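One chain, chain A, links the two complexes that follow: it is found with chain B in the first and with chain C in the second.
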Partner chain A sequence: MPPRVDREKCDGCNAQQEPLCEQVCPGDLMALGEDKKAYCRSRRDCWDCMSCTKICPVGAIETRMPYQLGYHVAKLIPMMGTDSITWTCIDINGNVERFRYKNRIEPE
Partner chain B sequence: MEKVVPKIGLFLCVQGGRLSRTIDVNAMAGKFAKAKNVVRCEVVNDVWDPPFLDSIKKDVESSNIDRIMWVGRFTQHQIKHIEGELAATGLNVYLHEWCDLEEQGIGIEGTDPAVLKRKAESLVQMSLARTRLLVPLAPVELPASDALLIIGAGVAGIHTAATLVGLGKRVHLVEKQSGVGGKVALLSRFYPRLCDPHCGLQFALDKLLRSDLVEFHTLSDVVSLEGGPGNFEARIKKRPRYVNEQRCNACGACTAVCPVDAPASLALTGESSAGPVVSGAIGDLLQPKQKAVHAAIPMAFPSAFVVDRDLCPPGCNECEKKCPAQAVDLNQSEEDQILRVGAVLVTTGWDPYPLSRVSEFGYQRYPRIISNLEMEQLLGADRLGLGSHPELSSADLKEIGFVQCAGSRDERHLPYCSSVCCSVTLKQAVHLKETNPETNCYVFYIDVRSPGFDEDLYRRARNLGVVFNRELPSRVISNPVTGKLELQVIDPALNAPMEVNLDLLVLAGGMTPAQGTSDIAQVLNLPQNSYGFFESHYQCHPEESQRTGIYVAGCAREPMKVSHAIESGHLAAMKALSFLEGSILIEPTYPVVDKAKCDQCKRCMESCPFSSFVFDEKGFPIPDLARCRQCGNCMGLCPLNAVSLGHNTIKQMAAKVGAINPSFMGDKEPTVLAFLCQNDAYKAAREAVDKGLPVPPNVILIKVPCAGSVNNALVADALSNGIDGVLVGGCQDGQCHYVKGNQLVQKRSADLGDKLKSMMIDPSRVRFATLEIRDASKYVDLMQSYIAELRVMGPNPFKI
Partner chain C sequence: MSRKIVTDINEVPTEVIETDLLIIGGGNAGCFSAIEAKKVDPNLRVAVMEKAHISRSGATAAGMDAINTYIPEGKTPEDLVRWSRSQVGGGPIREDLALSNARELNEAVEDLESWGLPILRDEDGNPKYRGKWDISIHGEQLKPIMAEKAIQSGADIYNRVTATSLLMDGDRCVGATGFGIRDGKFYVFRAKATIVSTGGACGLYKSYTSDATSSHHQTWMNPFNVGSGYAIGIRQGAEMTSLEQRWVATRTKDHCGPVDTISVGYKSSIINAKGERILEKHYSHLGGDKAPRYIRANAPMEEWLAGRGPTYADTTDLSPEDAKDLKTDYLNERPSFVLFLASRGQDITKEPIEIYGSDPYLVGGHCQSGYWVDIERMTTIPGLFSAGESAGGTPNKFVGGCATEGKLATRGAIKYMASVSLPDLDSGQVAKEKERVFAPLLRGPEFDGVSPLEMEERMQRLMDEYAGGISQFYRTNEERLDYALKHLKMMESQTQYLYAKDLHDLMSAHEVLDRLVVAEVLVNHLKFRKETRWPGWQTRSDYPELDPNFDCFVESRLNKATGEVEMFTRPYEQVVPGDRYKA
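And now, the complex of A and B:
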């Protein structure tokens, strides 16, 4: 399921030429609309990698779980720490699971 | 980069403080002696004990330890001295970590000792984690110019320039008019001494003339400003004077042959068009004629004449032919010049509010209604040589009225008080009465605002018989037969309407920012307030604009009297001096952008309150160190954690957050991490502990340069580490030292709250709160209620 952009929250990265989600998307699927809000221009090509969701500085992008993994309304939400990602997975029954991953340690 | 294995000296300094009463310091020392990277760990009774200091120095010199972590309670004064003492042996001052346990509430008796022990250990772990990441830093020295650019050669600009020249600094004075002196040169007299303003101006100008450090650029405008503090590059455009300044000897032969007889400029009125023609002598005075070639205005300085080519009849070159010194050159053209300066002082001053907009008082509709600035001209006439007019003091000008607050303190016009108009009117009435006691003066007012010693002027006016009427006229008309003005006004003493017939009505209009202020604002990238004056931190740093190295003084900042304008110019120059020393020393706590992480999203550039960021050659944002005020808002908002302040890097902060033991309060009680702004909120928290207020032990605080420097990633770190609540404490709205750090972090906290909500976590686990510097008891109340709320929410789901 492609990313959904909360148009209230999205600030189009202050009308920069390329918002962060556009820069980071491996399939180059995100773009800025005429209203200066980001949108996914080819929804069927999205791989659900969640790069855009993770990078959005205002938390405006949400990725729904693909149906193969969880039925509609199941959600997977990342919260980015300085060197970790904390995932919250909510399935269709409302069960919540949380995991924390440490990111790769970068070489100094 | 070579990996440095830190060698930490850890010293627990009890110094008779409260620490040893509540925790077992020796046991702690024993425990941390075995901690990673700690090579020496001791309990110290007296830091100033010479054998102890000597032993540290020896360890530092022999490289046994390369950084020191101090646990205890230290004042800023002590920190400075200890750091200085050890710097002599080669230990960089940025290799000290100060872990104050008492400000965290460890010294408060009555708390469960087990909790205190766990909390103290957690705090030491936090500081230890940061100590490992400390790096030596050195201040950066940047080259700087030693010249100051002053825009506007009015009274503030001239006096400030004279002082600076006395200090041996170079000054460029840029003035858009042909002469200097600004509005003050147009005044007849100063209050309270009623002396001639030209005297003071000339005094300063004489000083400037004797110096070769000053350069005057008249008829010039600043058209662009590049670079940063210490190294500004201003481009000025100099309009042609058509007279060679070196050759002209101001003999006036040109003016004598000039055929033009045009009305003088409207600078006195602030209007865009002229009003009705006033007949008679007053008319000649108020609407003087002007030749195309004339002496520089407002003050004939530089002494060279100037040709106003807009007034010249086509093809006329009489002046060029007649000039005995061959100084007139009608073929001069515009010139560009680049000025290299260390700082900029804006003293662009004010212009009168166009009184025709205050239509109820009939300005420009009827003759004999003039502004207070025109009245100055009238009063000065006898000294300006224009006043061979006996009418001035005769029966023709016997009844004179003054309307105060004409357009001021009025939502439709100027909502503010221009602060000088009342005293100006008092001065004018006193002057009129003293030169001609037959004159009757009436002042119609809302309030007479004569602050300080100006009250003497008010008393003097009263004693001289000036009539004060606390009601503005409801109607002003001009009687076409008698030519007199008829005013209808309520007499509040009798509560009855009365009619006053006047020969002249003076409207005390207010001050507005000078024409062209918004152009300058654009060129200098300076914010203006809602009235159009330049924005400043009006109370603590009135001279500072929101651009480092650019200062604003005089009426360009807010309406003020002459003495205040001069003072403000000097204050600004005092601050500007640090950029005029030939070099600037920058503390190494400036932000650094990690180019490996940065993806050039430019958020830091846009949100920097001081527009400090510029692009480097590869398009990465880098801070202009001279402009940067090191608030860390760039670090707080970077979505990729790529920006770090020196000595307060995001890694150091994350290490501290990661080292917190989230269960130090036990299983049931919530724990709170508070990021507090060091300017206000942190001081309030510290005062709460010092005063012995019941500060809950649940809180661990981290001091930050500005609430805006707290990155959401750190808050996320804390939450996923199991901390139950994270509070960011900043200044109240409009009080942030860095303009908007508090607003930026408030918005981010709200965004994170929304994310938490979708994660099925109570969004109020993240909170932004405002605290003032002495809000100690408010801080305690805030924490207690927050902890009570957290108790209801239950433990953070990430808590293990």
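And now, the complex of A and C:
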């Protein structure tokens, strides 16, 4: 389930040695191109865990359902807060649903 | 970061690290192992070798929506073992191990909460149970939370270093080797004790969606857990247990997401094309909707086979609020399922969620395939310990049990360390392994060989069709297993043709090398158990009935001298009294 990188939005995490998506991808699939934009080296090997999509600080990565499994075009957009996450889901008919919940509590 | 490509073995730098405790695999169990080690002795040198990055690695990388076992008030560790035993049809299971995990289980879960994991609670502050033993969490951050604790503990984390072999001193494990999939270095970890906690093996079998261009890894288990932790022990003659007890589960169709979220969390019935509640209709004698796990896993596939598919988890009676909660659960564990539903334009209160079987996995935290370990979690190789999905004998460990076992393995390893010292580094062994590891990369761009992907796909289809994969409704027989073995051996003889274009590819090459090792042992296990004990998990069409002679553990050990896999049994010992088939 391949991530798509918006090349306008992606800034390669600027000064960082590795962009965040490259840092976290459990499959070593995200990499930085010579143009300093992130890309997915092997789209077929993505697990769809959405780690890259969630961690991207500029919202440049979209996880897209392969057409062989789901129809064109649905979107699921995460927004990370400090202790919560908000998801916006848009289905193929344009219906929008939002979800927000706490994903961290104050440690003891 | 630039990714260097080498052409000469002498250009590959070797980094030798000396440590007290080496942990291979910084997932759930591995993080708990590291934290425990530093808690017991802050001066202990602890190194974690992690193939990915510990913030998002292993089985919990995507998140989690429940802790499947947390002992409620009024229940005992013995009760949990009874339930676990009944879930695998009365076992045999390692009740000694299961009990020791159960005794400390709740503490590990409470650790997670104290570190910042949201556990859902009712008005009285009690955890919200979704089933008999499992509690709901908002675990989107589960892995980052435990990873942060592991980093804070002071353990040295080596991210993006994948393990290739155990470092041996005679029959004793004295560390492990690996290579940096980004820095291209060869790593040698010298350790007094080593814990392997690399998770299970996904991708031995073809998944039914893998034909599609962009969904090769549409699997339930993290596809980057390939069984390397099993392979490194098997190659050194470690005893493995119960590999034939494969984990096959009912998953969402075409997406392979979890189904307990729906069927346990929201009590949705499993129905067939005719709307019949299949567990009540065909399996009421085994407990209906509460039947053992393998029965529940296999039932939808039996319906397809009988011509009564598709099969569904019936969500049409959910209120809109429940439907939203259900999707929130998925967003915590497997967010892309919500995207999948949206891509089908599906309203789950009007249309039920389609379900189907998964491809088979070896996961010792769910089923019980893995290393045979003693109560200290030491494998049959002195100095090598195992925890979590890599350690066998104890099914239904899940998040809390794997975490607990990580702690127990650490304590065992620390005890062991007191009596050993590190031998001198065997430079011959290191040089030979380095050559083996980098060989696919050094064959050069003009080499006329086989890509890791080609070999992986050949192996996955072979296993699917001959060793009881999903296309065969999990069935196999003696002749098919012999065929599988013959072709696995042919592939093994052809690994000399594997080539890798870059370091990522070299990782893929070692993934297929490791999977071939595990697959061969697995097929031997399937051959040996000439009965059908757990239909779906282990189905022999030539031996369709239970055989009381097989009420024992099936074990294997690679004979390093002959290269043959030797099979034997170990007896089952009942520790917790009571009817084995009842919770």
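Here, the second predicted complex is superposed on the first by the 97 of 108 C-alpha atoms of A that agree within 3 Å, B and C clash if a C-alpha of one lies under 4 Å from a C-alpha of the other, contacts with A are read in each partner's own complex, and residues count from 1 in each chain.
Just so it is clear, a residue touches a chain if its C-beta (ideal position, glycine included) is under 8 Å from a C-beta of that chain, and two chains touch if they have at least 3 such contacts.
Fair warning: this is a prediction, and the values are worked out from it, not measured in the lab.
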Fit or clash - chain C, chain B, common chain A: fit
Partner chain(s) touched by A:82 [first = chain B, second = chain C, both, neither]: first
Per-residue touch tally on chain A - higher for chain B or for chain C: C
Which superposed partner A:13 touches (first chain B, second chain C, both, neither): first
Which superposed partner A:38 touches (first chain B, second chain C, both, neither): neither
First (chain B), second (chain C), both or neither touched by A:30: neither
Partner chain in contact with A:61 - chain B first, chain C second, else both or neither: neither
First, second, both or neither for A:21, with chain B first and chain C second: neither
Touching partner for A:5 - first (chain B), second (chain C), both, neither: neither
Minimum distance between Cα atoms of chain B and chain C in the superposition (Å): 5
Residues on chain A lying within both footprints (that of chain B and that of chain C): 23-24, 75, 90, 108
Chain B-touching residues of chain A, taken from the complex the two chains share: 9, 13-14, 16, 19-20, 23-24, 55-59, 62, 75, 77, 79-84, 86, 88, 90, 96, 98, 100, 108
In the complex with chain C, residue positions of chain A that touch it: 1-2, 17-18, 22-28, 31-32, 41-51, 54, 63, 65-66, 68-76, 78, 85, 87, 89-93, 95, 97, 99, 101-108
Footprint of chain A on chain C - complex, ascending: 1, 3, 52-53, 55-58, 61-63, 113-118, 138-141, 145, 160, 181-182, 209, 212-219, 222-224, 254-255, 324, 327-328, 331-332, 334-336, 338-346, 504, 507
Residues on chain B engaged by chain A in the complex (per definition of touch): 1, 3, 599, 601-603, 606, 637, 639-641, 650-651, 653-654, 711-714, 716-717, 719-720, 751-752, 754-756, 758-761, 797-798
